[in-house]
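Across the two complexes that follow, chain A remains constant while its partner is chain B and subsequently chain C.
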Partner chain A sequence: MDVEFQHISKRFGSVKALTDVSLTAKQGTIHGLIGENGAGKSTLMKILTGYQAKSGGDILINGEKIALKTPDDAAQIGIGMLYQEPMDFPHLTVLENFSLGCPAISRERFTASLKHLAYAFGFQLAPKRRVELLTVGERQQIELLRLIHCETSVLILDEPTTGISPAQKALLFPALKKLAHEGMTILLVSHKLDEVASLCDEVTVLRHGNVTHHTNAPFHFPELLEAMFGAVPEQKEKPVARSTGNAVLSMDKIQAGGERQGLQLNSFTAKSGEIIGLAGLDGAGQSTFLRLAAGLTIPAKGEIQLFSTQLPKSKKASRIAGNLQTVFLPADRLEEALFTDISLSDHFSLRDKKSSFWQKNQKNKQRADKAIQTFSIKGRPADTADDLSGGNQQRLLLALLDPKSRMILLENPTRGLDIRSGQWVWEYLTQTLSSEACIVFSSPELDEILHYSDRILVFYDGKIVLDSLTAETDHGSVAAAMTGMTGKEKISNIEQGISNVE
Partner chain B sequence: MIGDIPSSVLVASVLAASAPLVIIALGEMISEKSGVINLSLDGAVLFSAMVAFVVAKESNSLVFGFLAGGCAGMLTGLVVGYLSIYLHLSQVAVGFALSLLCRDLAYFLGNPYSRIQGPTLISSKLPFHDMLPEFLQKILTQPLTVPFALTLVAVLIWFFKFSRTGLQLRSVGENPAAAFARGLNPSKIQLFSVLAGSFLVGIGGAAYSLSLKPGWGRPQGAEGIGWIALALVIFGSWQPCRVAAGAMLFAFLQVCGIGLQNLFPTIPSQVFQTAPFPLMIFTLVLMHYSTRKTRKHGETDSGLQKWLGILFMARAPKSLGKSYRQE
Partner chain C sequence: MVQIVKDILAAATLVFGFTSLVLFIADAPVLDAFKHIWLGSFASTMKFSQVLAVWVPLILCSCGLLFAFRANLWNIGIEGQVIMGAIGGMAVLRFPGLENPVLILTLSFIAAMITGGAWGLLAGLLKTRGGVHEIFGGLGLNFVAQGFILWLIFGPWKRPGIASMSGTELLPHKLWLSSPPGWRIAYAGLVVAICTLILTWLFLYKSKLGLKLKAIGKNPRAALLYDISPEGYYLLSIIICGAFAGMAGFMQITAVYHRLIPAISSGYGYLALLLVMLAGYRIVPIPFLALFFAGLNVGAIQLPIVLQVDSTLSGVIQGCCVLSALFVLGMRQRRKQL
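Here is the complex of A and B:
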């Protein structure tokens, strides 16, 4: 079946997730949909499955307009989706998961069909096993087989390789090619260019909810990268270089995290005074890295040294890191850093390590007032943290931060901030705080990383694939490394490889 | 034999005492399997017991009495279900408040019918009663609630294990978002199971006022049963036969209390009366440990751990108590 999107738009409140998106996926092809996080890929696909309603535009199947109100409508037409997070039932068995959502047939026929399909695709699945005991890849295999069993003719895959092993990937890709060859229409949502290159016949690039590029194989990577991340910005003036000193953080042979957000690294050292930017797509390992350094995540293997003190492998680690003047500012401020229903002045009271039983309300109010002035927070001491806007929450966090901190770990420090607030945050970090402090931050904005960091680490699939001084690298190579290609040579290699296949 | 109670009487009284509890706990289990905790259980039992007695008395019909009890239970289920599933109110808050309301409403409305005679479901003999040995005759001469409860266990085992509706109901309790993505309507399925479950709760309540503790009064004798049933569902790990076994164990401990009291006259009677409750808590602690061990080590447990796991492992529906909002 040919699937055609015509001028699709989607709003969440006042936020435009998609604006006038049009594209066509032809029967028997694999159509790639790429873009950075939040570009609108997943939203577009959720509209096609009837999981979310569109705000405007039409969807045409084989040239006919269709209405999709619920996932059931989409399933009736033969549209099925493999979600990024397994959308299944962990406590139920493989067979039960396989049979849910398909037209009812007898248990024996479900078992037979499951066994037959698993054999055909080379998957090994025990029908009676509970799904929670399986790996993400295996859970995905069940979903894929279920969709095939339900006679899906339009298959949507949302980041299908997130969290699956290379061996499972090696099984999945030929299976997809086989399905497309047999006449299925496949839509592949991804931000990994190497995978798109090896699978897709056509690619559409989304950026900020708009279609920015459309092309057929073979693909020209620099073009795709530019469409994904925007034009290469002009070089801005770099902040003054800081002097670096002793090693403050070192990691050795680390293995941490589960299948998702996992991290493996051999050795890493950060020096005082360095500003290190962590680049990478969502879940590539940056947030695990920051939490390891803050002592919040305990590594399964390996050693972490902070200011020459070994972090213990217990819950004490985060307290010890705190005593060593290490602070961690998470991206999700209200969830992890601030207290929703507690006032600004009480936040200052909570920060005190030594405190008497009684609260010093007057003193805390004065401290809050002072912070509101110096940090220009738009709020009153009695306001609660969730009354503040994202930018003001970040200012509050910085106000709460001990100016004597020696190690500052920031997860997406300018998340949800407008440009001016963002600049203000960086001014504060680089100028007001001690220049001996080591700052490590992650950001989804490549420009922010290139502009503010002295050194860049690029994460891909739980590994550091690039570690370089900012002065010695550029926009193109970092973007390439983020999408799984190290160095420019490799890009041209892949391009050559593809044209050879053609 | 325990104390001076012959074992056949013991078995018979355990069966009789456990039947309403089995029905109530299974009713609650159905609704929890779909993800909704009906915390109004304790009040709902008393309310339906009152309604059942009043209707049976006025119409002089046990059938109408039981049906009215079921409908009264269903009414409380409708309130909890509608408020929590469609208006997304907290299931705990709604259930708790409703429980207290139902209890007081039952005492207030039932007051004119306090301590008067009414129709009672008596024990009935099996058709082939005379052919059985005396031992079985004593055990099997039971009110109809006992065979109903036992049949219910079997039906529910089948329903959840083999029927498609049962699987769909479980899937909603596990992950309503995924169920929706597969074309099911989670809200409808949840409301259906809350209504079906609370109907059974009502039947269980009626079984108290019309059979086990006939009549209406304050106290009626069914006080606290709802809370026990809630604990039994956890104890039974949301599995019909384990829930029923738990109910029987509880009834056994209660009956034993009476027997042991005669055997050990020096121990205050309160000890035996309250023994089932701390035992219940102890079992829950045991369950916690067996569940954690099994999770951690997967299938490679040692012998004892494995048995603990099989006997006491609890696996709650994943989205139990969470309200589901469609995107």
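Here is the complex of A and C:
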């Protein structure tokens, strides 16, 4: 079946998630849908699977307009999706999961079908095993076979290689090629260019809810990268160079859990005065890195030193980091950094390190008033943190930050901020705070990283794949490293796997 | 605030409606029953003093629970903390060789707070160190405390010659907290309860400790960034709650029963849990709600005698109260979700 999106738009309130998106996925091809986080890929797929209603435009299957009101409508037509996180029933067995959602037939016929399909694709699945005991990759295999058994003719894959082993990847890719060859329409949502390159026949790039590029294989990577991350920005005026000093943070042979792949790194040192930008796609290890430095995540292996003090491997680590004037500002402000139902003045009271019995409401109200003025926070001292908008929550967090901090760890500091507020945040960080302070920040915006950092670390799959001074690298290299384009062997491995099966 | 008043009215209506239905089914005269509950609780100063005698431990337990709930802890173990407080207090009262009653009672009061607090600490440690949710830890510790008090009453502390459910030997009169003539409530009990209310209000709403507990209750992850260790404050809040519960246990032995009985806690810990939830975890409605529950509790006692209804009926009525309270709370939750 050919799937055609015509002028699809989607709004969430006043936010435009998709604007006039048109693309066609032809029968028997694998169509890649790429773009950075928040580009609109998932939203588009949710519309196709009936989970979300479109605000405008049409979806055509084989040239006919269709209405998708519920996920069931989509399933009836033969549209199926393989989700990033397994959407199965962990307490049921492989066979039971396999037989759900399709018209009921006898248990024997389900078993036969499962065995037949598993054999055809080279998957090894024990029908009676409980699914919770399996790996993510195996659960994905069951789901894939189930969709095939249910006669899915349009298959959507959302980041299918996240959390699966290289061996499973080497089985999955030929399977997908085989399915496309047999006439299935496959849409692959990904931000890993190496995988897109080895699988897709066509690629559409989304950026900020718009189609920015469409091309057939073979692909020209610089073009794709530019479409994904925007044109190479003109050389903007760099902030004043800061002088660097002693080592303030060092990590050695770290292994830590967290996010999808955890984090492994050999050795890393940050100096005072440095501004280090952490680039990488969502979940590649940047958040874990920041939390390790803040003492909030305890590494399974390895040592972390902050200002020549070794962080203990216990819950005390975050307190010790705090005493060394290390602050951490998480991206999820309301979840991790602010208190719902507690007023702005009370936040200042909580932040006040001087011990006192009373809350000192008057004094903290004055502080809040002053912060509201200095930081242009739209709110009153008695408002609670959850009354504030995202941008104002970030301003509040900065206002709460001790200006004498020596190590400032920021997770996506301009998240949800408009351009001017974002610039204001950076002015504050670089000019008001001490120039001796070491600033480490992560951001999904490559431009922000290139513009503000002196040094860039690029994370991919839980590892640092690039560590370079900003002056010695460029937009293209960082973007390539973010999408895994440094390891050429990996691609050839996968291609080899494909040719083996073919 | 208006919502709380509405909730209380709704709960009261439900209590009366539900109770009337039960009385009707039990073939008891409905209006008479309410009249007797009223007469049995608020009609005379003596009756009213009995109500106050229930009000005191309810207030102490409720104030303690406010601290625990502030940190988002469900201290179900409060029942066991009352029992352990009573045991700790009694241990001092039984100590031979001390002569000065004021000194003995003071020491006993302190001991009750310490044992109650320690029992709370145990539930807290199970949570912070052992990963046992405070509801299950507390429930388990309640059984242990109940077993311990039975063992004491039937074992080491039994009355000379006989061991009986009626408890240990009566305390000498000089160790009874003194009451106004004709009243069944000790001065000291009232004073302690009122002081506890005021102190709780001060700590929770005016002190930095109260603010920190609230912060931890709202968002323990964020608290870490403010250098507030959730574990430490969890322990502190549950110790305070246990100590207040221990005070309630002390009042039960020195002002009400004057001995140790197996049911020394009278279920006031559980009742206080419901009371605090019904009050929306705020301190202002608590004295009034506690008075209502205490009145019902005392008033229902004489129903079996006056109306010849089965003695279990008062229990059923209290059950109705609890169910109505839970129902109103459930409705409030649903309203929040909508």
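Criterion: the second predicted complex is superposed on the first by the 480 of 502 C-alpha atoms of A that agree within 3 Å, B and C clash if a C-alpha of one lies under 4 Å from a C-alpha of the other, contacts with A are read in each partner's own complex, and residues count from 1 in each chain.
Criterion: a contact is a pair of C-beta atoms (placed from the backbone, for glycine too) under 8 Å apart; a residue touches a chain by one contact, two chains touch by 3 or more.
Note that the structure is predicted; figures quoted are calculated from it, not measured.
Peer 1: Quick one: chain B and chain C on chain A, clash or fit?
Peer 2: These partners clash in the superposed model.
Peer 1: Is A:Leu350 in contact with chain B, with chain C, with both, or with neither (first, second, both, neither)?
Peer 2: second
Peer 1: With both complexes overlaid on chain A, does A:Leu296 touch chain B (first), chain C (second), both or neither?
Peer 2: Touch status of A:Leu296: second partner only.
Peer 1: Who does A:Lys315 touch here: chain B (first), chain C (second), both, or neither?
Peer 2: second
Peer 1: Please indicate which partner A:Thr340 is in contact with in the superposed arrangement: first for chain B, second for chain C, both, or neither.
Peer 2: second
Peer 1: What is the contact status of A:Thr70 with respect to chain B (first) and chain C (second): first, second, both, or neither?
Peer 2: In the superposed model, A:Thr70 contacts chain B only, not chain C.
Peer 1: Give one of first, second, both or neither to describe whether A:Lys363 is in contact with chain B, with chain C, with both, or with none.
Peer 2: Neither partner.
Peer 1: Superposition on A: which chain B stretch among 78-86, 96-104, 150-158 or 258-266 collides with chain C?
Peer 2: 96-104
Peer 1: Using the superposition on chain A as set up above, list the residues of chain A that contact both chain B and chain C.
Peer 2: Residues common to the chain A contacts of chain C and of chain B do not exist here, since the sets are disjoint.
Peer 1: What part of chain B is in contact with chain A in the complex they form?
Peer 2: Chain B residues touching chain A: 162, 164, 167-168, 170-171, 174-175, 177-185, 298, 315, 317-318, 327.
Peer 1: Quick check: in the complex, which residue numbers of chain A touch chain C?
Peer 2: Going through chain A, the ones touching chain C are 296, 315, 318-319, 322-323, 327-328, 330, 335-342, 346, 349-351, 353, 355-360.
Peer 1: In their shared complex, at which residues does chain A touch chain B?
Peer 2: The contact residues of chain A facing chain B are 46, 49, 51-52, 70-72, 75, 81, 83, 87-92, 96, 99-101, 104, 107, 133.
Peer 1: Taking the touch rule as given, give the residues of chain C at its contact with chain A in the complex, in rising order.
Peer 2: Answer in residue numbers: 206-212, 214-215, 218-219, 221-222, 224-229, 231.
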